[in-house]
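Written below as structure tokens is the structure these notes are about.
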Amino acid sequence: MDFSNFNAAEQAQMSKIIEKKQMQDFLKMYSNLVEKCFNSCCNDFTSKALSSKEEQCVMNCTEKFIKHSERIGARFAELNAEAMNAAQTPS
Amino acid sequence: MDFSNFNAAEQAQMSKIIEKKQMQDFLKMYSNLVEKCFNSCCNDFTSKALSSKEEQCVMNCTEKFIKHSERIGARFAELNAEAMNAAQTPS
Amino acid sequence: MDFSNFNAAEQAQMSKIIEKKQMQDFLKMYSNLVEKCFNSCCNDFTSKALSSKEEQCVMNCTEKFIKHSERIGARFAELNAEAMNAAQTPS
Amino acid sequence: MSFLGRGGSTPTGGVNPERIDMAVTELDTVTDFFNRMVSSCHAKCISTRYADADLNKGESVCIDRCVAKFSEVQKKVGEKLQNRGAAAASAGGAGSFTGL
Amino acid sequence: MSFLGRGGSTPTGGVNPERIDMAVTELDTVTDFFNRMVSSCHAKCISTRYADADLNKGESVCIDRCVAKFSEVQKKVGEKLQNRGAAAASAGGAGSFTGL
Amino acid sequence: MSFLGRGGSTPTGGVNPERIDMAVTELDTVTDFFNRMVSSCHAKCISTRYADADLNKGESVCIDRCVAKFSEVQKKVGEKLQNRGAAAASAGGAGSFTGL
């Protein structure tokens, strides 16, 4: 996204808003991750303790989800950069 | 919904809020539609291009979802009108 | 959650915010409940009226969901109290 | 939306922020119900093969009945929540995490 | 996001609240698309057995194609909505519940 | 919620908006976790036939264990995210779409 046509006061306000949004997005990602990995990994309720197998599954699930998100983020950024270049190239 | 007991200043403010909400609802419907039609129509990831079959499915899915929403909206409005009439009729 | 280090003005503002959030949470829980119980209980669309069997299912679903939420709330509060005690005990 | 009263009266010409707040909550609530109805009735009535862009006869009839049924469920659940006491029903909401 | 114009010009040094509002809406929209893409491509490409913490070759390739396909769907649906008229498409949104 | 510090000190009698903001974020986060716990444990423990309005013995025991397990998962995932660095973990969030 391009805020280069914003003046200094507007850019400062956007920075604050974005910083707050990043915190909220992170927290939402955290709770989403807990839900997703719990749902995939925990299916035995004969005990209240996490088994070592379940714990390993949760750790792998978390790590894999982060790598997945990072890869999507990288591809998504490339697509957006292409789209922006295409828009700026006179045809 | 009935805002007839609002004064002019309140109605003006509500109009602005509703206009903003309509934009947000539209954008949310758009992303929801993309997710739903992608999930239903795209199941082959041996290629990165949308096949003509997938594209046709996405177009039908979009069109059908809009018609579905419109029909629900019409029925929903009828129900609300009935409920409002019932509330205003002395019993 | 512990707001004891808030001053009177801050506690007053938090009370107002919490009151508003409770209303919103209640309404969200209501619509969530309608969706969940409708999806579980209504599978016959040869008629537009709720059958007595469907109605019974919806009533049980609602009651059971509330009891479920209450039980989770009680366990959750216990866990949080434990965590708070653990944090305050010098180790 | 019988859970929601309208705030008090408004001084002539001014804006009563509580009335606006209430109206926005009411609007959000109706929109939330509507969106869930669209989603539930889509799952119940619409074939996801998407061979066609039009609603067929069976789908159209199903939608009409689905809206009626969903509304009835909304009414029943609302009555149940009111009978049971809204307070008890919201147990576990934000209020229960705070000492305020 | 061709649906969103940018608000008018801004007095030097001041903050144009409409421009900020538009930018926030744009940001929220991109974030929403991104999150749905993450979720959809996770469902399409990632095995939920979680025997391993790394993306394997097949999963990685699937993700790349999934992003491309999801974006194409986004474009197609966007075009369709614009052709059909944004107004009609949002039928049933908040606007239809109000007399304003 | 160890990710969230509390804002700085407050002038006597005044309201520190950052402290309020932080408290609201904390409240929203706890509510979000609670709601997901309710939903996940409902899916894991409650039969959807709804022949009965009461929780039976098996469901009750399942709920208690489910809450304990969900909380443990929350702790494990939180530790993992902190070890990995919160910054990296939020890759793809709003920040990555902007040049700011």
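In this document, chain identifiers A, B, C, D, E and F correspond to the written order of the chains, with residue numbering beginning at 1 in each.
The rule is short, and it goes like this: contacts are C-beta pairs under 8 Å (C-beta built on N, C-alpha and C of every residue); 3 or more make two chains touch, one makes a residue touch a chain.
None of the values given here were measured: they were computed from a predicted structure.
Asks: Compared with chain D, which chain's mean CA position is the farthest off?
Replies: Most remote chain from chain D, centroid-wise, comes out as A.
Asks: Applying the document's contact definition, name the chain pair with more C-beta pairs in contact, B-D or A-F.
Replies: Higher contact count goes to A-F.
Asks: With chain centres defined as C-alpha means, what is the inter-centre distance between chain A and chain D in Å?
Replies: 30
Asks: How many Å are there between the centre of chain E and the centre of chain F, using C-alpha atoms for each centre?
Replies: About 25 Å separates the centre of chain E from that of chain F.
Asks: From the mean C-alpha coordinate of chain B to that of chain E, what's the distance rounded to whole Å?
Replies: Distance between chain centres, rounded to whole Å: 16 Å.
Asks: Return the residues of chain B touching two or more other chains; collapse runs of consecutive numbers into ranges.
Replies: Counting only residues that touch two or more other chains, chain B contributes 1, 3, 14, 18, 21, 25, 37, 41, 58-59, 63, 69, 72-73, 76.
Asks: At least two partner chains per residue is the criterion; list those residues in chain D.
Replies: 27, 30-31, 34, 38, 45, 64, 68, 92-94, 97-98
Asks: Looking at the complex, which residues from chain A come into contact with chain F?
Replies: For chain A paired with chain F, touching residues are 1-4, 11, 14-15, 18, 20-35, 37-39, 41-43, 45-50, 54-55, 58-59, 62-63, 66, 69-70, 72-73, 76-77, 80.
Asks: Which stretch or stretches of chain A touch chain E in the complex?
Replies: Residues of chain A touching chain E: 1, 3, 5-10, 13-14, 17-18, 21, 25, 36-37, 40-41, 57, 59-61, 63-65, 67-69, 71-73, 75-76, 79.
Asks: Under the stated contact criterion, what part of chain F meets chain A in this complex?
Replies: 3, 21, 25, 28-29, 32-33, 36, 39-40, 43-45, 61-62, 64-66, 68-70, 72-74, 76-78, 80-81, 84, 86, 88-100
Asks: Give the list of chain E residues in touch with chain A in this complex.
Replies: 6, 10, 12-16, 19-20, 23-24, 26-27, 30-31, 34, 37-38, 41-42, 45-46, 48, 50-55, 59-60, 63-64, 67-68, 71
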